[in-house]
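See the structures that follow.
Shared between the two complexes below is chain A, which has chain B as its partner in the first and chain C in the second.
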Partner chain A sequence: MDDVAIRTKGLTKHYGNFVALAPLDLEVKQGEVLGYLGPNGAGKTTTIRAMLGLIKPTGGQVEIFGINAQAHKVAAHKRLAYIPGEATFWPSLTGAETLHLLGKIHGQIDTAYRDELIKRFQFEPAKKVRTYSKGNRQKINIIAALMTRADLLIMDEPTSGLDPIMEQAFRQSVMEATDNGQTVFLSSHILEEAAALCDRLAILRAGKLVELGTLSQLRHLSATTVEATFSGKAPNVTKVAGVTSVHLIGHTLHCQVQGSIKPLLAELAKSDVVKLLSREPSLEELFLSLYGDSDIRKPEAG
Partner chain B sequence: MSTANLAAATKPTLNKRFRSPQTVIARFIAKRTAGSAVFWAAVFGVFVASKSIGFVKAYPTAHEQAAVAATFLNNIGIEALLGKPHHVATVAGFTVWSTLCVMSMIGGIWALMLATRNFRGEEDAGRWELLLAGQTTARRAAANTLVGLGAAIAVLYVVSAITFAIVGRVHGIGFGTGAALFFALAAICGAAQFIAVGALASQLMPTRARAAGLSAAIFGACFLARAMADTTSVHWLINVTPLGWIENLQPLTDTQPIWLLPIGGLIFVLSALTIFLAGRRDLGESIFADTDSAKTRTGLLRSPLTAALRLTGPTSLSWLVGIGIAAFFYGLLTKSAAQALNQTLSAEHIINQLAHVSQSLGATTFLGIVFLLQITMIMAYAASAVGRMREDEAEGYLDNLLVRPVSRLRWLLGRVFLAVVVIVVAGLLTTLGTWAGEINQQTGVSFHTLLLAGINTLAPALLILGIGVFALGITPRLTTVIAYGVIAWTFLIEMVSSGLNLSHWVLDTSILYHVALAPAANPKWGSDAVLAGIGLALGVIGALVFNYRDLEPE
Partner chain C sequence: MSPRKAGATGLRVLRQLRHDPRTIGLILLIPTVLMVVMRYVFNDDTTTFKAFAPIILGIFPFIVMFIVTSITMLRERTTGTLERLMTLPIAKLELLSGYALAFGLLAVCQAALASFVTLHWLDTSISGSVGLIILVALLSGLLGMSLGLFMSDFATSEFQAVQFMPALVFPQLLTSGLFVARDQMAKLLQWFADIMPLTYVVDAMKRVTTDANWTAGLARDIWVIVGFALAALVLSAATLRRNH
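And now, the complex of A and B:
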């Protein structure tokens, strides 16, 4: 057995002519935290629902710890826990009853850890589910998954509805899980969260995996942001090799440089530079650079 | 795009036809409910046509009509079902007597489902919150919803009135347009009253299921009061129960429009209360508030099957109690109904030949009708059980189980198993209820006969369950529509087949056509086995497809 927690081979999902997920080949190592990023409709939830067998893939296969997750769903699900982005539970049960039921069905729970999570997330288990706010219902999802100490945690926008304090509690819990050797597959919209928690990032666009790597690896794929302030008139750098997105605000020039920065520095040096800032792109800028207007997905687009 | 063009393109366009935002909810509800109103109005039309035309064809002379009318008099079993007969020796009287109560019941049940769905159901789903965020208030939104539902009732009335007027013009029937319009008004009164009942119940109860339960309980009480008024010495009850007021209208015969006053008054009072309470309570709350917290009770919360038993148990129990009470009530009426039927049968020279079983013959005939109604109720339970399975998938509850080590087939088979158990218990309760009701009446019907008749109730319900599971697998969003649609179709064919000369191809599509009227006739076990077998086959196909397909949330 290898050390792969999730392996997808050509995993595909079509709805008629619409390709919700193009053939996806992905491996998540055991103990790794993989961030799965993409805008609405990119295919993140489709990927997760196909992995979990809630929808039937059009093609390809999924292995969870080497188990064919389509043919042996129950065996695969014994090794994992899932946090969906939307929480819908039986309204007549209390939070405690819901956690009890979900724990019994999963088959293994760490009750001491469950109690600790209830305190950490300031969850009131005696209330009936129908009285909970969205954030409190989401806490049930989070506690129910984490209390199993499952080998693999699959999360689909898990902090949806949580306040910033609870988001911190969630991050702490994920870090505990990874310290414990658990694998995490984290689909998220919150780029800061993904940057803070994930070992690697996979970026999905229009159903296709477009980037996969560590944050530093991905940064090399994108442009460096440069801001230069001049005492006088700023030089024209639009024709300099690798320079794009040139904006001039007063005496300050903003631009991005793909590849070597040397030609730009040479051009800037010809003028009187009083201040020069250069920095790597944030995950947000990386993300945005991958999604121009032209990438907004249209349903009819194949 | 230039700035000017952009501005022009993004400028909100005003609809040339003025439509007030104050009525948007009413228009939306009306549009959404009009289709089912047209459907039920068409059913009413076909029902009335079949009874009136069938009566004229079967009994063309006044003498024959008087003779057959005599068989309906003083039969309290039939009166409990259809109300007191008035002028049943005439086409108009027979038509009203044989259809009005049934239409009031169908309309009432449809209306209370519609009202609780559009009030508490929308609130449960969180959509009410979106509406209230618009240019409206809770009271205005409630009034709008009532207006929208009122529009559905208006559609029900207009289509029914047109069809009744057309039927009235058929040769030999001969009731005028004015009389037809009043008859249609009487026919939709049950629906109108229970729209208001459902709307108020939605303000009182915290969930749609409970609002529907309260409305159904009120409906059951009204039916029981009307049946008691028609069959016992407490005749005054007819004047204080909503279904009794409808009977008192006596359309087409001794028209009594004065009874529209209490009907209208009830609708007005309940609607006003609904609007008042809607503005008085917080969104998501109810007048009879449920406790927000509860002591943890983990009983039965161990597996998908036991959890389903706990979560669906109260609803199943309500069905069983209703089925048991109905069986007991009709059991109590067996002797009187049997005596009336025996008089009819003696006219056909049967008594002379079968004197020693005369009492039993009338009793079994009446109980045959009772068991037919019980079969319909048990089939309705089967449809509701499969509807609940679909609801679990649509609402996302099922996701909670299937992302854990639970297979789809295990979940589905567990739910089907529970439904089958309830169906079997319902059949047994039908036997026990009627037996307990008629035990001291010496009707001559043995427990063994009733037990066989009880077993005879199972096959149609199992077929409905199979059809429902098939629909759940193949076309999940239509599961409830298909399951209840088959029952509605079967009931419709059963209601109209006596009046219309339907081809056997049409009759064959009715489930009840293939079921013996036990205990009036010996159960057709072969036919029952085929029905159950078809149900099983459809269920297996449905389960296999369900195991393979995508889950489809709402």
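And now, the complex of A and C:
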């Protein structure tokens, strides 16, 4: 067997005429954390549901550690644990009873680690699920998945409803999982979370995989943001090579540069610059540029 | 087939029920209370009561288990907990066996209580075997459960699920020989009755209340009931939608 945890081959899902997922070819290597990013409705959950065998793909297939996820669901599920974004449980059971059931069905659980997680997430297992807040119910999903120490963790917006302290606890737990050699498939729209945890990022838009790479690889796709303030009138830089989205607010010039920043610096130096700021794009800006919500990647005239 | 997973599922259903004592109370008491009422409806006519009582004892577990399981299963599906379970390494038959364990236990308790009260306190002096009566009542409950699990797949709301009860149960009740002997019915209905499982429940109950011995006819009835129950369980596992 090779070292691939998840492999999708031409995975496609149509709902009538609507293409929820265009043919997707993706490999998640064992031991890596792959961030699966995209706006709502991009097809993230559809992908995960196909991986879990909850929906029947229109075409293609998914393999979990080489096991066909559609044909051998139980065998595939033995190797993975899933954290859904929604916590749907039986309201009349307690948290402890729910964890007990999920553990018994999964089969292999690390009870010492479970207790540690209960403490870390400040979870109160004696209460009934009905009385928990959304965040507390989500803790059941998280603890139930992590306590199995499954080879593969599939997470769909796992921190929905958690407060920042619990998000921190969650990140620590994911890092522990990867130290332990587990593979993580993390679907998220929280860019910061994905940037902090993931080895590689896959970006999905309207059912299509638009980018796949490490964060630094993806940064090259995008422009550098430059802000310059002048004592007098700002120069016109719209003709400078690589410069796009120029805005002028008072004496401050905002623009994006693709490729070398040199020609722009030379142009700016001709005027009296008071303040100059240049930075790497945040994941947020990267995201926006890929979704075309800003004009960073518009084809340049000339 | 893993007993651990089926057992965990059964325990979960029982724990849910424990938190809902009113449902347990209703399931256990309704047949018994109705038997008592029926006893005093017939009042001095103990012969008629004696003829009716065992049949009612046999049919009740079927009806109650049919309703309880079809609603439970439907709710499991509409709230998303069924899908949550389907993300875990559990086979459908293991899940359904878990239900069978929990509801089967409930069916035994219900049948035992109603039989005990009817046979000992209501002065019926039935010549049959109490053990066999409880066995038939249990099988009837399991049959109701299996059909309930199966039918729940065809309902998209609880209102529909409840409608299945009269739609599926009443025709069988009418043709089972409860009110009119089967050979007096129209030929078409006799054929219908021959392929309906409740007919065999009523037939078995009539046998065990008149004869304390295990007979070939009783064995045939029991095999038919068990066959129907297993077929419905396997069919519901096959149709239980893991995906769409």
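FYI, the second predicted complex is superposed on the first by the 291 of 302 C-alpha atoms of A that agree within 3 Å, B and C clash if a C-alpha of one lies under 4 Å from a C-alpha of the other, contacts with A are read in each partner's own complex, and residues count from 1 in each chain.
In the analysis below, contacts are C-beta pairs under 8 Å (C-beta built on N, C-alpha and C of every residue); 3 or more make two chains touch, one makes a residue touch a chain.
Keep in mind the model is a prediction, meaning the values are calculated, not measured.
Peer 1: Assess the superposed three-chain arrangement around chain A: do chain B and chain C clash, or do they fit?
Peer 2: clash
Peer 1: Determine, under the contact definition given at the top, whether A:L101 touches first (chain B), second (chain C), both, or neither.
Peer 2: It touches chain B and chain C both.
Peer 1: Thinking of the overlay built on chain A, is A:P263 touched by chain B (first), by chain C (second), by both, or by neither?
Peer 2: A:P263 contacts neither chain B nor chain C.
Peer 1: Answer with first, second, both or neither: which of chain B and chain C does A:L54 touch in the superposed model?
Peer 2: A:L54 sits against chain B and chain C alike.
Peer 1: Classify the contacts of A:G242 with the two partner chains as first (chain B alone), second (chain C alone), both, or neither.
Peer 2: Touch status of A:G242: no partner.
Peer 1: Check whether A:P23 is in contact with chain B, with chain C, with both or with neither, and answer first, second, both or neither.
Peer 2: Neither partner.
Peer 1: Is A:A126 contacted by the first partner chain B, the second partner chain C, both or neither?
Peer 2: First partner only.
Peer 1: When the two structures are laid over each other on chain A, which of chain B and chain C touches more residues of chain A?
Peer 2: Answer, by number of touched residues of chain A: B.
Peer 1: Using the superposition on chain A described above, determine whether A:G31 touches chain B (first), chain C (second), both, or neither.
Peer 2: Neither partner.
Peer 1: If the shared chain A is used to align the two complexes, which stretch of chain B, 61-69, 133-141, 205-213 or 475-483, clashes with chain C?
Peer 2: 475-483
Peer 1: Same chain A residues contacting chain B and chain C, which ones?
Peer 2: 52-56, 73-75, 77-78, 82, 84, 86, 88-90, 92-93, 97, 100-102, 104-107, 128.
Peer 1: Can you name the residues of chain A that touch chain B in the complex?
Peer 2: Where chain A meets chain B, its residues are 49, 52-56, 73-75, 77-78, 82, 84, 86, 88-94, 96-97, 100-102, 104-107, 124-128, 130-131.
Peer 1: Could you pull out which chain A residues touch chain C in their complex?
Peer 2: Its residues touching chain C are 52-56, 70, 73-75, 77-78, 82, 84, 86, 88-90, 92-93, 97, 100-102, 104-107, 128.
Peer 1: Contact residues on chain C for chain A in the complex?
Peer 2: Residue positions touching the partner: 4-5, 7-9, 11-12, 15-16, 19-20, 79-81, 83-91, 242-244.
Peer 1: What part of chain B is in contact with chain A in the complex they form?
Peer 2: Per the stated touch rule, the residues are 124, 206-207, 290-298, 301-304, 307, 311, 395-397, 399-407, 548-551.
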